[in-house]
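Paired with chain B in one complex and with chain C in the other, chain A is shared by the two complexes that follow.
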Partner chain A sequence: MSIQFGNPDRPNSYIGKTVPRPNARRLVQGRGVYVDDIVLPRMAHVVFVRSPFAHAKINRIDAEEAMSVKGVLRVFTGKDIAEVCTPWVAVLAHLKGLKSPPEHAIAVDRACWVGEPVAAVVATSRAAAEDGAALIDVDYEQLDPVADMMSALDPQTPVLHPDMGDNLAFERQHEQGDVEEAFRTAHKVVSARFVTGRHTGVTLEPRSILVDWNPAEEQMTAWHATQAPHMIQTVLAKHLDLPESRVRVICEDVGGSYGIKVHVYPDEVATAAIAKIMKRPMKFIADRLESFSSDIHARDHEIEAKIAVGEDGKILAMDVDDWTAIGAYSVYPRTSAIEGNQVVNLCGGPYDFANYRAKTTVVFQNKTPTCQYRAVGHPIAVAITEGLVDMAAAELGMDPVEIRRRNMFKDDAYPVTSPANMRFEGLSHHASLDKLLELMDYEALRSEQAELRKKGIHRGIGIASFIELTNPSPFMYGIGGARISAQDGCTVRMDPDGSVVALSGVTEQGQGTEAMLSQVVAEGLGVSPARVRIITGDTQVTPYGGGTWASRGAGIGGEAALQAARALRDSILEVAAAMLQADQTKLDIRDGAIVDAASGEARMPLEELGRIVYFRGDTLPKGLPRELVQTRHYITSDYPFAFTNGVQASYLEVDTQTGIVRLLKHWCVEDCGRVINPLLVDEQIRGGIVQGLGGALFEEIHYDADGQLLNGSMADYLVPMAAEMPDMIIGHVETPTQESLLGAKGAGEAGTAGSPAAVMNAINDALRPMGAQVTEMPFTPERILRALGSLKD
Partner chain B sequence: MKASAGGYARASSLRDALEMLAASDGSGRVLAGGQSLIAAMNLRLSAGDFLIDISRVGELAGVSETADSLRIGALTPHAEIGRNPLIRHHATLLSQAVEFIAHAAIRNRGTIGGALAHADPAAEFPACVLALGATLHVEGLNGTRDIRAEDFFQDIFETAIEDGEILTGLSVPKAGADERQVIEEVARRSGDYALAGVCLVKRTGGHRVSLFSVGPKPILAKNAMAALDRGDVEGAVEALKAEIDPPSDTQASAAYRRHLAGVLLRRAAARIEGGNA
Partner chain C sequence: MNEMFRDKIDISLTVNGEPVEGRVPAGQHLVDFLRGALGLTGAHASCEHGVCGACTIKVNGEAVRGCLMLAAQADGADIWTVEGLSDQGTIKDLQDAFVARNALQCGFCTPGMLVAIDELLGKEGVPSRAEIREHLSGNYCRCTGYEAIVDAVETVARARAQKGAA
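And then the complex of A and B:
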């Protein structure tokens, strides 16, 4: 059975339309339920004492004074927690050579970054726990920190984890073709050093967990702000020695995630361990300072890269030497080697060329661990690639659009394998670029730029093509041994009155998953989306699934929902055919009623069928299957990942006296396959662009040379705000994946993948006549003035 | 983090507030708009204080005029400073400054007295009152004192207000007929504290230039003022750069701040000459 997606007038045509989000009204009315809104009887609060040093031995922890604070119940050290909670090691077998030492929920005898938990104080209120925490006396002995990335492997640098032998966590080199020869004989070679600033995801709702251990039932319930409830269920079960069936993870509303909430955090696991030890509900809500020091960081990379081009602008070779420092531990269970690995996989992504070499070197250091954050590795790889392509175009005197046209994979070239060995099923680089140029009126913009230049106004236009990895198969984590599910499931059930409940393993973080699922189920079944109640985020009731990550919700979770809905439709029609003594193939369900498929004539409302099945089953033929509930699971299998593509453009103005960049406008055309809900996709793209613009212009975690964290509040970590954001024009090209009936790929990370590179290229386009260039993010006004040579000291 | 206050009481009058302050044995802390104090308490940068809430003390609010000056009550909120017709007419520097201060919600609650008493070196109002040559009025149980703006700001977050005193308001000279007042600043995002800022007042008696976010307190750039009086803008820029010793932090280096101060003075001077201030 296929769906006539091409026909907008088909019955139940909810896929492809903007329908209201089922949870919007609840959230707007203040009826959302976040972890911190939940209060349980006998609940206590835990606050963590965190290391003020980048690297220190913990000699002794004196809790006597803290215990005297009114309301303080108990203090835990790393040793106390280790008695009930085993440590973890975050490696993956397919990332060969990746190493990381065992990490405890609370540091046992050594703290390895500013912000690492070293003790926990439990009290009847958060305030009392903070009063207690301030009085915990930790006798630290400072150790030499490893703070600098590029010297981490030097022989004179101390080894952070002596058992590991050196500070190298992971290294991978990929080589295709004859790179040396291509560079030796090329018409032009352009090289540059790129830096992407360490930053983090800044979720509106901080990391939060409330854990209740019921010893009578031996049941643990965790209300958790997470993207991956089943993964957390598995982790808590494993490290606290419980059967998975006795761990229930519930996500009510989650206030933004961006990858920050898909990892296992020591303080959250410690909270679960403490709940189990104390046999009472335990709440931990990170405050903003804790968020900056203990949420994962990302994007801390330094890269030397070069590109070789022919006279005709054809890319002959690319060579990328990427370094990243991941903090003191690889983060469990996804590991911290993925970002560097993605840089290797994604550089040069849009282009058809032969010779490619890329290496990533991943080192340990005494800073907050880094891990996967929205668009993992993409903004880095796109900045390297698109930065080099623009520099090569300038060197050749060629228009940046023209050089891209000459190198992008042709739209009819698919399936194709990239020089990085990525397999592409179907992309639309040329169609997307054409649409972008039309939307932005490229030629007119170029003349405006030239006119204004004469008046001393320096504007720039930057273009960035990109690919985005979505719909991952087990090739991402599963094959490496991680218990992270790439498949996902959905159960769709019809209740007696004909209303529908769908339980899905993918989760809602505020991005609109539930709206997407409601339309898919509605169309698959033949009822209006308003009749479909979506339940996500409860491991005890939803089918096992992976949750939200790598832009998989619509592509994987949506397809499971569609198949489950289609299966339920078949079950309903089988019953209807028996009741109506009709041919099942001649019946359809439209707008909540059984109809004659050919004429559309109404035969019976679903509530009548529900009444008979649930209350008068005696009137149906004996043996007639009557399950008005169906479950389907879906996994991709033809391709390891469903790649999407797109292209962005930025138009901006540089104040060459102050260095301030003013964003004037931004465009993005992307191809996420089937667009299920145009408004949701556009807003994903816009939000993603904004996060990318944050990394390009504002966001940066600062450390000093001793690994001391220098900024930890919203006053000195600058997130992008509305006033500085440009208008964004979003367009789409649709190349559905053939792997699924739905044809959807992911859209959640495309905006973030491409916007930093577009801005970098636009700034450099503005600066080029002055002979200046910036390649170190964020592009602060000061960095721009230094590139212009305006500052002498 | 959760704030930890040592207590709270709402004052019904200035006298009431001063008495509570005197009785608090040094632990009393005046609470006005709370837009700096509560933020500091929520980071536990400030803990244990006994809060004396003056926000309902009517006698501290409002703007009035005499023949040659404006009297602005300490409790006048930023938003009111921005829209008050007397201030817009006679001390436009203050109303212009409001557009640079934070965001609407903060401007509704934050008070000019709070901003001056807090004396954040990056704040706009302290530099404005310095450029305007305002007089600040404080009162204690022993009486009132008038303090010139030049003497009021002493160091980072430090003013001439003594223990037991409350800032009641300020007097600002009315602008002369041909007086020009402009403020220029650069911030990373709108509403952020400035990376550097300049106030420029041109009046019959000569130019007045003050800077913010370039040192531990707002600075009156006397050599730059003298150069401007001579009509030498480039000389003023050079003098200005020599007169300041800006800090370096994660947002900007000293060199960048010094450079910005020069750019901003040039822009301010151009605006004044252009007459559109």
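And then the complex of A and C:
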């Protein structure tokens, strides 16, 4: 029996409604449990000594003075850790040619970025460990750093990893159609250079791990702020030589992730190794400087791109040359080639055109490694695409809305394959754009803009259409050899009193996973969400799963939960039919009771069924299946990814005297398929938009020419604050995926994917009458004044 | 850290209405004392240099950064953390509004945010959205984009004003 989603009056209609988050009340009372809140008997603290140089040989480490600090227990070097922990190599077979050298949990003889761990100090208190770390004397011999991206492959540039032969980590070129010919014969060609600043995630809870090793049981338990507990279980087991069954990863509350906490970090693995060596609980909590120098960075790209258009505004071709520098190592196990690869896959995404060429060149340098951060590659690809489309429209004297209408895939064109060979099952670009224009009252806004311009007030309207990759299949990582699950599972059980427990492999990072699962299980089973207790984030009890990444929680974890709940419903009804001597197909579960499906008449509460099954099983027919627990796993198989789409708009004002941009309002209409919880989806979109706005206007990690990190604090690396952010209007179009019963696609990254491009286009819309244009993020006052020509030196 | 910072100092204070005594290292921050010695883990250490507001607590009636004050300075102080404010019920309407509006996601910034808002709502009148945004600009939230928080504060400010007028 399928669910009649179209009927809002159907029984147990919890999917599609805003229900409260079961964990929110706990968090507002300060009763959350983050890793640093956990204290274990005999727990010690580990603090890392980190390289102050971008590139240096480690000649000698003298720990004598550090050991004299009261409370310091032991000091570990890279060599000590390497005795119990094997190094890793972050490559994927399907990213052909990707290379990276072996990386150790603590650098063994050479440090390759400012912030790389070179020693660990363990003490009975964090303060003592920090005191000890300050006294570790490391004899460094500085080596030539590779700090510049565009010259990394030049013959005179030193090779960072001599064993790799050169500084090229990965390159890929995709070509479709006759790009050269299209550019040669086009009515207009517009080109531009785009730069996206190096960002990091700035999770308010720093990276945190607490690892206990019990040698008597040969059992490791890690309380970890992570998005992917099963992946971490697999990694710790592999590199510390333990069976996976002897590694338990527990993930309680996590204070923000955004992709930062889905990677394997050397210091965290070292903490586990130290716990194993010292046979006692070991805690590592990164401080803020460590967060800036050792959390993954992202988005450090430089791009030359051009677009060819016809007189009618039709896109004839796009050509993209993308460069990115990933730091000293490809990050384990997802690798650092994915972001550049995504740029190739996603440019031109919304548009129906024939000739496309894109190349990404991924190089090593002596900086913090980069890897997947919220909306991986999307903000870059969307900025390139939407920037070029707007420039082409301006060149043609065409309205930015009109050029998009003429080029976006028609809403009835699906299924369709893009010039980048991405397969789209069903998108709604035109319906979404129509809705956006209605929400923002585009015409009125244009009139207001024109009126204000006469008074010397420079406002801009920017639009950005986009696609978003969600619900990944094993095509993302698994086929390349990474032990990262694209499948997810859920176990749903009914307890004797009729209450329900659901254990899921997807995790809660604050996005509302538990609420989403509770309402999916509630509807699938026929009870109220309040009756469903959700358990996530414990590898010892939940089904194996991938966790939270690539906007997969609702689409994949939600579908597994729905199927498990439906299976349990069938099991319950089979028992009920035997008890009531009724036809199983004529019974239903509604609001926690067995009812007659046709009349809705109550037949038996679930409590009664639970009592009989668990305590008076003797009264049931012999051989009657009586499992009040069911597990289902779900994996997508028809499409490698479930693409979503959306469109954003920004309205802002540029102060041409100061270069300061004031955000006035922001809109987003997006299509994530079935919306399970409207409030939670809207807040994911809003939070995502603001993360993108940070990248557009403020956020940038700075290094000097020697690879020295220049801004390692929240006072120097600016993130959006409440006063600078606009109110945001969110709308939806729903095109459910046909692959699953639930029909949900992801929504967590759509906001971040499109907002930087919308802001860039709005700024350029404001500046265009003055002949100025910006394409280098973040759009700081300085860059805007330089574009205006009022700042020259 | 030199020996002076390791010296122990005796302090006596009130935390969440209960008398507390402690012998603290001179260099220990107040938030570390509350979290470590007293197990009050609601206030969180995040930037540890007074920028992000995650450690905001109430000291002698004012919202204070727990990472910018030493435990030794709290001798004789009257301190309230989110745990005490929750038990006392004084911010229940605000907490309810946060839950209803989903004005929190990961919840790490929330306890500090609530203390900062409590200070704002203690002032006269109903703050405008711009004033709410300005007041909260010392409290970073990386998840929500702030709008839901501003909505929740506005709702509570209006409800309290109405209740006061009635």
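Here is the rule we use: the second predicted complex is superposed on the first by the 793 of 793 C-alpha atoms of A that agree within 3 Å, B and C clash if a C-alpha of one lies under 4 Å from a C-alpha of the other, contacts with A are read in each partner's own complex, and residues count from 1 in each chain.
Everything that follows uses one rule, which is that contacts are C-beta pairs under 8 Å (C-beta built on N, C-alpha and C of every residue); 3 or more make two chains touch, one makes a residue touch a chain.
Since the structure is predicted, the reported quantities are computational estimates derived from the model, not experimental observations.
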Inset, instruction - In the overlay, answer first, second, both or neither for which of chain B and chain C A:689 touches. - result: second
Legend entry - First, second, both or neither for A:86, with chain B first and chain C second: neither
Legend entry - Touched partner set for A:790, first chain B, second chain C, both or neither: first
Legend entry - Most chain A residues touched (candidates chain B, chain C): C
Inset, instruction - Figure out whether A:131 sits in contact with chain B (first) or chain C (second), or with both, or with neither. - result: both
Legend entry - Contacts of A:27 with chain B and chain C, given as first, second, both or neither: second
Legend entry - Touched partner set for A:287, first chain B, second chain C, both or neither: both
Inset, instruction - Could you look at A:185 and tell me whether it touches chain B, chain C, both or neither (first, second, both, neither)? - result: neither
Inset, instruction - Scan A:254 for contacts with chain B and chain C and give back first, second, both or neither. - result: second
Inset, instruction - Using the superposition on chain A described above, determine whether A:711 touches chain B (first), chain C (second), both, or neither. - result: first
Legend entry - Set of chain A residues, in rising order, touched by both chain B and chain C: 127, 130-131, 134, 287, 713, 715, 720-721, 723-724
Legend entry - Interface residues, chain B side, partner chain A - complex: 1-2, 4, 43-44, 186, 188-193, 195, 250-253, 255-256, 259-260, 263
Legend entry - List of chain A residues in touch with chain B within their complex: 125-127, 130-131, 134, 287, 289, 657-660, 698, 700, 702, 710-711, 713, 715-716, 718, 720-721, 723-724, 780-782, 785, 790-793
Inset, instruction - Please name which positions on chain C make contact with chain A in the complex. - result: 1, 25, 27-28, 35, 40-49, 51-52, 54, 81-83, 86, 95, 98-102, 104-111, 114, 129-130, 132-134, 136-137, 139-150
Inset, instruction - Could you pull out which chain A residues touch chain C in their complex? - result: 20-21, 23-34, 36-37, 127, 130-131, 134, 201-206, 253-258, 287-288, 509-512, 679-680, 683, 686-691, 713-715, 719-725, 727-728, 751
